[in-house]
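Chain lettering (A, B, C, D and E) follows the sequence in which the chains are written, and residue indices restart at 1 in each chain.
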Amino acid sequence: MTTGTLYALCGLGLFGIGLGGIILRTHLLHKIIATNVISSGVFLVLVALADRTRGGRPDPVPHAMVLTGIVVAISATALALGLLRRFYRETGRCRLPEPGSLAPGSLAPGSLERWSPERRSEGGDAEKGNAEKGNGEKGNAEKGNAEKGNAEKGNAEKGNGGEASGGKGDGCRTW
Amino acid sequence: MRGGRKTADRTENTDEGIRSKAYSHREVSTMSPVLWILDALFCASLLGLAWQTLRTRDLFKAIVLYIVFGLMMAMAWARLDAPDVALVEAAIGAGVTGVLLLSTLGTLSAARGEGSQRGGAFASAVPVAGLVTGLVGCLVGVLAVAVWQLPVESPGLSAAVEARQEESGTSNPVTAVLLNFRAYDTLLELTVLLLAVLGAEVLAGSEAAGSEAAEGGVAAQETAPRQETGPRQETGPRQETGPRQETGTRQGPDAQQERPPAADRDPVLRGFVRLVAPAMIVVAGYVLWIGGEAPGGAFPSGAVLAAMSFLLMLARAEEGPRLSRRGGRWILVAGLIVFWGVGIAMLAAERRFLEYPVPAAKGLVLLIEAVAAVSIAATLVALYRGGRLVRRPRRTVDSEFRS
Amino acid sequence: MPDLVIVAPILVPLVAGVVAYVAGRLRRGVAIAVAVLQLPLACGLAWEVLRRGPLHYEVGGWSAPLGIQLYADGLTALMICMASIVELAVGVYALGYFEWTERESQPSDHTPPGPSATGPAATGTTTSESAKRSRGGSFWPLSLLLAGSLNGLFLSGDIFNLYISLELLTLAAVGLIGLAASLDALAAALRYLLIAVVGSLFYLLGVSFLYSLYGTLDWQQLAMRFEFDFVSRCAIVLLVLGLLVKAALFPLHFWLPAAHGSAPSPASALLSGLVLKAAFFVILRLWFEVFPHPRLALAGQLLGGLGAAAILWGSLQAIRQRRLKLLVAYSSVAQIGYLFLVFALASDPAVAWNAWSGTAYFMLSHACAKSAAFLAVGSLQLAARGGEIEDVTGAAADHPVTVYAFALAGVGLMGLPPSGGFVAKWLLLRAALESHQVGLAIVMLAGGVLAVGYVFRVLGRAFAATDGAPQRPIPRLMQWTPLVLALVSVGLGLVALQPLELLRIGAPFAPSSSAQSAGLSEQAGLGEQAGLGEQAGLGEQAGANP
Amino acid sequence: MTLLDGLSLLSIASGCFFFVAGSVGMLRLPDAFTRLHALTKADSAGLGLLVLGLGLQADSWWTVLRLLLIWLLVLLSSATTCHLIAQSALRRGAALRRGDNDE
Amino acid sequence: MSLILLWFAVLLVASLLGGLVRILIGPTATDRMLAAQLLGTSGVGVLLLLAEALERPPLRDVALVFSLLAAVGAIGFVRLAADPVEGPP
């Protein structure tokens, strides 16, 4: 149980917490923080596994990879926060709507079509349908690869499904 | 100045091979209990902070916890012999991420002064949460077993890097990997930053003024009046930027007299910024220069410069960065242009793409790092501002962005 | 220096992207010039690969484990040709598209006056005006950087470099989706960004395992050192899971319809045609060339099963859709299913070559057909001023060329005989039948029939007589480009021999003797023109069209 | 253990004592404004003694100078931030009376 | 000697985690921000101790950057998230 292994396990723990967080939490700011937690976890694993090189000098390649990863993560986070700010300004909400529900479609770029509530309901059922089907398919072969895949997809649906029903105008302001 | 200060308590037999100061062998044997306790504390605090950050419903608390999480990560990097990563984590975590998150929170919770924002309940019914935690748990469990089975000694590339270190033009192995051996990765990474700015600019397209509001403290006042006009959907599309121009009407200036002046006219803040901003430029230059032989380089230096610009914008000091529209774009891509220029010059000189001639390697690496640092800083500022560096000068702003 | 031909496909678009970002008015000129230049570059690379076999190029002059290597074999050359053809057509189409939308928004009948513009009306309109131009203008640097990162991904020989290229594609795609500046585009972009970043992090965790096990990031060295132990299997699961999210395979596809449906048409064409294939290309490369192993057959069956489910479910959903772009987006979900069948079919070495080459050719023909479909739908949608299928009733009367283009693209999607899709499906069907996986064969045929369903649903409305309001005129550019691209996708069926020959170089499977005797030539090459020349000719024609 | 080492350990120990005092103060003091004191104590005295102790052990004058610079910057920033945070709390009408620490 | 320094570092990290409790329970945003400042300074202290104990001079640069940017977060809080809304408190 060297130092590297301990920190690698801690990195995996962060990966799990972040993954659970991004699926379960509905507020977008939580999701963005969860993304950062996942990336910190992965970077910790990357450097921790490299800590066990022969001789005292640590292996510089994973450090360079993590440096690049941190800069990529900060740019993705900054873009996501910009998107969130803009989304809040346009809709007054900070939660993603049901994937199928919000499909008024844009006629031409720049036409900021108002997101009319009555359109939201009729598109909602399509997505619910595949959520159940997705979970139904319990592939077994590859170490539960399918479950992980379906679960991730199934609960992303649930995650959004749940809040959409509760999301009637709760926006960011009420608590 | 101090004789053999290390007393006999060091159990580790330090073989005094030639080793640059930055990477002296660990003095304390890895088996001594104190290091175990330190590692245990770091790992426990990291996991605890991450859990709390995502569990709490108050968003401001989540952000503060995340800022402290960045601090603990920097200490974990320090403990894992990764000073370069610790430096970047410190510069970006403390300087950039915190301000970005807080500015977004400021926009989101403009209605309530306290800024405490509820994250809303967990997704939905308990069975789904149970299912997700179960599956994520089993995924992490399987991966933990895999990590546990990893051979103790991993065949890293440190020997290969050490062998070619002299030809790389820098004595810091991480900078050598970043800017010489795998320079192509860093080139693509600067393109990632450019794409992020483009994406932010596209989204801020019709909201240019809006993004400006998010810049200073006026965000709270400006968006405040909109809240009272009732729920969002009914008031029609937001894309015109008219109301953004005039400053929010405060609830009668006199109502404020007994309270201290608002922050932006606060002498302490302005004095502090005038004092710290030059120090930041000096430190950024120092970090950039030392990148050659010790941890440092373009990324931390760029992040420190960006943090300085945030301070200037936050304090709305007179010397806010003022860039013409054209100038802003050139600074954003300066790093890329120099990198591509060097790469193509090597091609023209019948060498491979980005294959630096050994004598010129040090100079080229430093040149690329310097310009990349400026570009990274400009990019982070543009991302904070919603894709644009241009700042419609409200007041005449004189001094240039950077000396 | 012959090696320049390998670096050029990456260098030219990325540098042009930077130039386009800085250049204000020159953006369109730079983008179109590079789009036209890319095709000969791709053909040159293909020619070089044909002549000298797989090419290697060490960036920075450092050898493999330390530095990054670029690697170009038959599959890479084919993919870069695919990308350049689609990018050229989309670029030419976008010329007309953004000019038209700007002219259309001039009298600002689109932006509802609304009571809100309390500020000076002048700044209100000029801001949205400059926003339009800048938004339309931002398409060019974004598409160039997307093209550069795509070529970088196809050519990369380093698994960490692949991670950065995937991130580049993600951010470019988010920017392109955001161009639509409509509310659902904003939500779709946000969801796509979060999911794609998490997918990339899964991939990076897999890379960290492989690096700590084998000490190298170059996937060819990795292939030599790879052993099938427990940790490596975990790394495979992580890599593939991350890439499945980005390739939108069936259970993980929920972000795709909203993203590709709400983006502007040229962006949707790029996303559906090329970006989805990039993630699949990485899986294909890793699965067959880095960690091939008999015990992976079981996992291959699972992926094949998910692919089959995707075909059925995607096609059914496409038929149910009421909006044009969502119909074409769900058709993408279905067609991606076809690609994933290769993991089930290629497990039997006898048919592996057919399956592999069929899939590669399917990627090529589907890219052209899907992009043509999206461009045609975009034109129809703008002409009919509505996104619903009902809105395009009687479009054939006013815009025969566009409807005919959509029909030809539909031929490619359905896989009817003359088209490239047919050749690909034929190869896949042969592989399925010869390896006795009849179930997959049936699913493929059912997918084809369902495709007929949703294509003719649109064509039926288009050809229906209507007395409704006459549709708005579309610029000639936006009519003819989809037609030329659809012709290319059909033409691919006629010139299949040459690309399949190109594919053979550096392929993980040798065409087994049975395929040889069955005579690749007899069912693939109907016409004998020099394949590449013909393709280039068509491409040129598209370029020279405006 | 020369005299120098003893002295430096002593100052580092007292520095750590102030940090612990700061943390305990942060927990036990009733009100936001009183917690300010805990924070500033830890910054100025705690870090100052720590820097002094480490300075004694430093092997070059450059290191001592760097330590002092760090201490100065921390002093500067903690003074400013405490002022600003307190002011913004005042502006938000945070309760000044003892014991009422709920918003 | 470095062993003793490490024990002091452990003590500082313990006090840091103590300060963490205030962030978790802190009723108002002000308390949380104050606690964050305290943790920042403790972090600088721990880094300095580690720099000396593990013989890593670069860690002092990390401490320098932390001390420099300690104020950015707090000023961000004051100017962005916590600026008073002039509406009814």
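FYI, a residue touches a chain if its C-beta (ideal position, glycine included) is under 8 Å from a C-beta of that chain, and two chains touch if they have at least 3 such contacts.
Computed from a prediction, not measured in an experiment: that's the story for all the values here.
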Partition of the remaining chains by touching, absent chain B: A, C | D, E
Steps in the shortest chain-to-chain touch route ending at chain E and beginning at chain D: 1
Chains touching both chain A and chain D, listed by label: B
Centroid-based (C-alpha) most distant chain relative to chain B: C
Centroid comparison with chain D (C-alpha atoms), farthest chain: C
Length of the line joining the C-alpha centres of chain B and chain E, rounded to whole Å: 17
Length of the line joining the C-alpha centres of chain C and chain D, rounded to whole Å: 58
Centre distance in Å when chain B and chain C are each reduced to the mean of their C-alpha atoms: 34
Centroid spacing, where centroids are CA-atom means, of chain A and chain E in whole angstrom: 28
Shared-contact residues (touching 2 or more other chains) in chain D: 5, 57-58, 73, 76-77, 80, 84, 87-88, 91-92, 103
For chain C, residues that touch 2 or more chains besides their own: 111, 128, 131-132, 135, 160, 164, 167, 171, 174, 178-179, 181, 186, 189, 205, 209, 212, 234
Chain E residues counted as touching two or more neighbouring chains: 1, 16, 28, 33, 35, 57, 64, 68, 70-71, 75, 77-78, 82-84, 89
Chains grouped in pairs wherever the two touch, ordered by label: A-B, A-C, B-C, B-D, B-E, D-E
Chain B partner contacts - residues on chain D that touch it in the complex: 1, 4-5, 57-61, 73, 76-77, 80, 83-84, 87-88, 90-92, 103
Residue numbers on chain D that touch chain E, as the complex places them: 5, 9, 12-13, 15-16, 19-20, 22-24, 26-27, 32, 35-36, 38-39, 42-43, 46-47, 50-51, 54, 57-58, 63, 66-67, 69-71, 73-74, 76-78, 80-82, 84-89, 91-94, 101-103
Chain A residues touching chain C - in the complex, by the definition given at the top: 15, 19, 22, 28, 31-32, 35, 38-39, 42, 45-46, 49-50, 52, 61-62, 65, 68-69, 72-73, 75-76, 79-80, 83-84, 86-87, 90-91, 96-97, 99-100, 102-115, 126-127, 130, 133-134, 137, 139, 141-143, 145-146, 148-150, 152-154, 156-157
Chain C residues within the chain A interface of the complex: 98, 101, 104-105, 110-111, 128, 131-132, 135-136, 160, 164, 167, 170-171, 174, 178-187, 189-191, 193-195, 197-198, 201, 204-205, 208-209, 211-212, 217, 233-234, 237, 240-241, 244-245, 249-255, 257-258, 261-262, 264, 298-299, 301-302, 305-306, 309, 313, 317, 320, 323, 325-326, 381-382, 385-387
Chain B contact footprint on chain E (complex, rising order): 1-3, 6-7, 9-10, 13-14, 16-17, 20, 23-24, 26, 28-29, 32-33, 35-36, 39-40, 43, 46-47, 50, 53-59, 61-62, 64-66, 68-73, 75-89
